[in-house]
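These are the structures in question, set out in turn.
Both complexes shown next keep chain A, but they swap its partner, so chain B is in the first and chain C is in the second.
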Partner chain A sequence: MSRWSYFARRVLLMIPIVFFGTTITFLVLRMGPMDPAAAVIAGAGDTEAYESVRQSLGLDQPLWLQYVEYLRDLFTLQLGYSWVVNRGRPVWELIGVYAPRTIWLGFWAVMLPLFIGLPLGFYAGLNPNTLSDYLASFGGIVWRAMPNFWLAVILVSVLTQSDQLFGFDWESWLVQTQIVTPPELQRLWVPSNFLAAFKAILPAALVLGSASMGNEMRIGRTAVLETVNENYVETARAKGVPRRTIISKHVFRNALIPLVPIITGEAFLLLGGSVLVETVFSINGLGYLFYSATINADLPLVGSLMFFFILLSVGINILQDLLYTLIDPRVGYGGEGA
Partner chain B sequence: MSAVDYPVDEDEQTLLERIQDEPGPALKLLAVVVPLFAVEFGAVASLVMSLPWSAVGSALPGFLQGLAGALAGVGDALANLPTLLSRSVIDNSGYQLPSGEWVGTTLGLSPAVAWLLRVLLVYAYGFAWMAVGWWVYLVYRDNYRYADWAPVDDMVNRFRNHSWGLLGLAIIFAFVVLALFAPALGPTTVEANISDPYLHTVEYFDEEAGSVQEIYVGDANRDSQSRGQGGDNVGPLSYDQFGRFHPFGTLPSGKDLFTFMAAGARVSLFIGVLSLLIAGGIAVTFALATAYYKGLVDLGVVIASDSIQSLPQLLFIMLASFVLSGTWLANLYSGGVVLALLFGFTGWPGLWRAVRGPALQVSEREWIDAAKSFGQRPSVTMRKHMLPYVVGYLLIYASLTLGGVIIGVAGLSFLGLGINAPTPEWGRAVSAGQPYVPTQSWHISLIPGIMVVIVVTGFNALGDGIRDAIDPQSDVGTGQQDESAAAGGGA
Partner chain C sequence: MAADANATGVDERRSSARQTQSDDVDAAESADDRLLEVENLRTVFHTERETIRAVDGVSFGIEEGETLGLVGESGSGKSVTARSIMGLVDDPGELLPGSSVRFDGRELTDLTEKGYESVRGSGIAMVFQDPLSTLNPVYTVGNQIEEALSLHRGLSGIDATEKAIELLEDVGIPDAARRVSEYPHEFSGGMRQRAVIAMALACDPDVLVCDEPTTALDVTIQAQILELLSDLQAEHGLSILFITHDMGVIAEVADRVAVMYAGEIVEQAPVVELYENPRHPYTRGLLRSIPSTQQGAERLETIAGEVPTPNKAATDCRFAPRCPEAFDACEEVHPVPVPVEEGAEDHTAACLLYPEDEPRKAAVDRHAAAGDEDSPESAGSTGGDSR
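== the complex of A and B ==
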């Protein structure tokens, strides 16, 4: 099987996955013990309102028809309206408002570990069994085990009190920003706006990326240790290639391959984890929107958001396969790779 | 057990026969296990009696009810037997006279010392069981096992020399003891201090009145709050004004943090283990079936698992536990059962992915082929010839996943979802202490967080240790499964 037909097969497989993922959501929302219409009018006790909500959600129709219409609406990307959280606003509009903050947060939560964790891991791998290696490895292990929400709580408190604690005020450092507010994302191409937006998201991104940072460090270290002992590295060394060139051309490049699925896998985890970090830092992003939609019983909004998340995760999966196909021509595409 | 399945078994003795042939070591073992069990027999009996037996009893036909009643009487009597690790053996509740003398505590010790002694006793007891477990393995291996050597021996030996893995094991064991013996370990109990503080009283010496007074625990709690700067604070390892010792300090509500943490450990462990049993059971069944049958079965499970994984785990659990919140299921164990089910049914794809590779590998071996051509039933082949190889790998990821579940549950209860108050959960303590982190009441958030870090690191270390013990050359560790397993849905 060629690389590209393997890739095409993977993309085809995504169709039933989106379908089943959406079906699971439907089962929970419509066949679960909770009546979406009753949840929407919660406590109002108004039968007329209840009936009209039922009607506009299509709950008065037989279940199979509801299912067909539910799927039809979502697959034609008609995500419907919010009922409680932001009454009457289209879900797409809400996504348009909330998603950029999550994307900005997620982007840096992926990038920061890459630029901090990976170099640390490579450094540890190139200097194995030294004190700095042990320090870096141990730090990575502990860093990885920290619950994000706890780290966020600690960081928020430390930063808000940084003046008393360290005699250094984080809020007014470089640019004036606040710690527990959503970042301003207007006109990012202006350097000062960019800096402010970056500084505002930095603590949250560090927290959200903390687990990834520990992982990437660990995996970077192992990958370097393994590649350094490969025959081609030995050959290059025997030929007299300078150490610097060996490391940059032969070691790092090959050590990067196992990291591709790690990084894309993380991007997906961030989606789920963002809810806690966004809550603590009051970044009104998608995770927070989902959380408030859930606790306010805005089940139609929840269903649409869940579909959006499924699409995102499937998209990330396809991206991962694409990267794999492009980077590593050696991956086996035998019968078992499904 | 038909002869077709086990043609070589005919001349093999059963374990019981082997023990009868050489009873010495087994008797010695028994001589230690029986007293060790006997000192805690009352606790086991009361655990048995705490099950809802009356429901069973009333369902029995008439003539059996009398018998059941007699049995219940015996059971109650057994449950009331004194046990070594009960709170009254070393009592830490009492009051201090102005002379500095403590009244009510065991031997007049100060509550701190009494509590510490009890903790040491409980942990000594726990580690004694661990040592006995190791001894049982040695006795079985050296005296009663049919084979002189088994692959497991090498794995155990490798694990014994893996200091990082052993550290993990020690941490996890300490955590399990904390969870199992939570009622005996706390300086007070959940009922007296957290759930029904106005049904219990505490005695203290009132300086103004110059006499011993009795006060409701709830009222006492109001004067032992930890509320940061300028307010009251009862920090770690300190007494409040009622002579109550707080090893971890108090919560903003004045309740004892250590008691809260010990009870919370129980909840976390329960959810972790139950969800893992569900997820592991599904994962192993599917892994064996897909590796054995391959083809369409495999494709079907791939699609099912990918569909579940396409839903963000933490968000989905949040949604499902909200939808289920009004049902009877949500009230079982304060919502712990629902969380365990949800973590189990959303967690199996990760475990399945992790053991699928090893299962496929073993399915290619000659002995599987031989078993097939021999006419062995597929279920027997899977159980006897494939499962032993897969179980080790499952243990690695089980250990990582448990850490992840603990983080996930703590994250949910931090948001106020999942475990219903007032049942203690670690995440709720972090949330309660959130406003007080930079103040003198830092302990409320920091101690639970640090405990989570230690326990999760322990589970990760144990997983690393098991991996190196099973397959020292393998690099299965540097994969995606690892990290998503340990991340608890990103909480």
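== the complex of A and C ==
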């Protein structure tokens, strides 16, 4: 099957990309103005102490040797210890604490648009130029237009004062949660814990996913409108296929093809965008950790997190190829591949 | 309110049309038991500025096992006629009241979308122009044939696959057992059209509507597809409505030919009669514009001008501005289809020059009389848009 060998080749291609990405990361970190030794002694100004710190961190070694060790450590997943931000703590442990919050936030920021924006867009596309289409389209533009940082601040202030504003207290509604705090992610399989964690992340996920929601709505609408007018849809009607089947079988699957890169592309944006939203909602996730590691020149932590992000990007890329391969049989048919 | 006026007006018109042709009562009666009977079909499209009368009063019938060729330039309303028969005309298009499509004695224009679904595919099937885009790219060819089989015959699983393979073999696809699980992009253009035909035949329809089925194909493939269609017709006793702009193709496949111009049928005759003895000036022009190997290096004739877009009810002959034989009355009287001469009931032309054996004045009066009885209807049905 040519489409699956195409997919396998795409996956193999990711190996040099990871290698290249980590190398660029190393170069950028070492050629920039970061000086971890200075950060560790925190401006004490003692040349001797400075030199001994450099020595203990291995920064006096030749650069090529440091590079080889850096690569070896990353690819064997020896991520080492934090130098500055949380001195002496294993990087793995830090990631273990911070990552779940970001993953939880990112997961819902992808899922909410997918399960709200996309169905709305499909609905609008199937009923073009009706009142509900106009409402959905207008809503899509509004969601798309509201900037993250503004929406985050507004949402926080509205929700914290919901009792005074609407006579409805968001914090105690259903389960007691707080708005500006990291979500509790222990024992999620217990329904009440899950509900609390979901409710705690909901405002942040809505903000982070708002632009995606608008995007997916608008593009989903266009994709459906285009697909409905395709000749094969008329052929299906001419052979007596009921409307419901035409939409679910012939329209939706084809309309999804242009949406795959939109959805996965937005998953990338969430990585960068989460720093802002995590800050406003005090979520203390990877975005926050990465930010403080970078300004504090915590080389092992920054390098490891970059490696983590590179793997994530590559993973999303592979997921995108997998979705393409599943939905569209023409993938890889060109022989050379795109 | 206006709609009511329309409906009664059209009924009057239809019965009066019957009376004017009272001399061919027999023909009308035999027409009623033809397999597919299209009568006074008017399909309009509403745009913001005007109402386009894409098909404007078309009547024809197809007998069992017969091939009717519908020929005309681009924009003459051929495809809209096909879609109207299939019930595929969507907003902003609609069939005006009084239009009638009868299949096997059943009126189709009254059917709901649900009711039409049972006719499509099993009663009347359709083959479209561009085989590249008429198959869904994300499903296998077999899947799309099996879809029709499960809808109309209740076949599924292995039974459906076997039947699909059989159908692909019938339309001349080699190695059908392997091909059935391939995707449309793995088929060549001619193969795809064969697959589309297999899909259309899946439920054993009585009528096959072919909308320019060979236009997008190479000439050699074209000949193969035409041959396949005629073989299948003989085998299954199919009636075919064959739509094309290619007079050469029509000569090859059709038993009878209807020539369309600006939403109307201007001439209808058995195929040999039409080619040997074309009567309507438009048909003559069309035939003269076919490139021929015998004529040597002579410059090919064309019909000057373009097909007008009919946006109001006709009060004159729509071809008159381009007609070399037009005279004064052509701008004032709308011609109706009449036999071209006494006793030639199967050869009709909508032109003031006919019936040829009547004095010109009498012939014009005959068209005008039919048109006058028409006029309350045409004023009613066009509503605001008739000047």
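The working rule: the second predicted complex is superposed on the first by the 317 of 338 C-alpha atoms of A that agree within 3 Å, B and C clash if a C-alpha of one lies under 4 Å from a C-alpha of the other, contacts with A are read in each partner's own complex, and residues count from 1 in each chain.
FYI, a contact is a pair of C-beta atoms (placed from the backbone, for glycine too) under 8 Å apart; a residue touches a chain by one contact, two chains touch by 3 or more.
The structure displayed is predicted, hence computed values, not measured ones.
On the superposed chain A, the positions of chain B and chain C stay apart, so the two partners fit side by side. Once chain A of one complex is fitted onto chain A of the other, the partner contacts of A:Arg243 are limited to chain C, with no touch recorded for chain B. Superposition on the shared chain A places chain B and chain C such that, viewed from the Cα centre of chain A, they span 80 degrees in steps of 10. Between chain B and chain C, the partner in contact with more residues of chain A is B. Contacts of A:Arg87 after superposition: neither chain B nor chain C is touched. After overlaying the two complexes on the shared chain, residue contacts for A:Arg187 are found with neither chain B nor chain C. After overlaying the two complexes on the shared chain, residue contacts for A:Ile219 are found with chain B alone; chain C is out of touch.
Of the two partner chains placed by the overlay, only chain B lies in contact with A:Ser274; chain C stays clear of it. After superposing the two complexes on chain A, the closest approach between C-alpha atoms of chain B and chain C comes to 16 Å. Residue overlap on chain A between the chain B contacts of one complex and the chain C contacts of the other is empty. Contact residues on chain A toward chain B in their complex (touch as defined above): 13, 16-21, 23-25, 28-29, 32-34, 141-142, 144-151, 153-154, 157-158, 160-161, 164-165, 208, 211-212, 215, 219, 222-223, 226, 258, 261-262, 265-266, 268-276, 279, 287, 290-291, 294-295, 297, 302, 306, 309-310, 313-314, 317, 335-336, 338.
Taken in their complex, chain B has these residues touching chain A: 294, 298-299, 302-304, 306-316, 318-320, 322-327, 360, 403, 407, 410-411, 414-415, 417, 427, 430, 434, 437-438, 445-446, 448-449, 452-454, 456-457, 460-461, 475, 477-480, 482-484, 486-491. Chain C meets chain A in the complex at residues 86, 88, 113-114, 117-122, 125-126, 128, 130, 133-140, 147-148, 151-152, 183, 185-186, 196, 199-200, 202-203. The touching residues of chain A, when paired with chain C in their complex, are 230-232, 234-243, 249-250, 253-254, 257, 327-330, 333.
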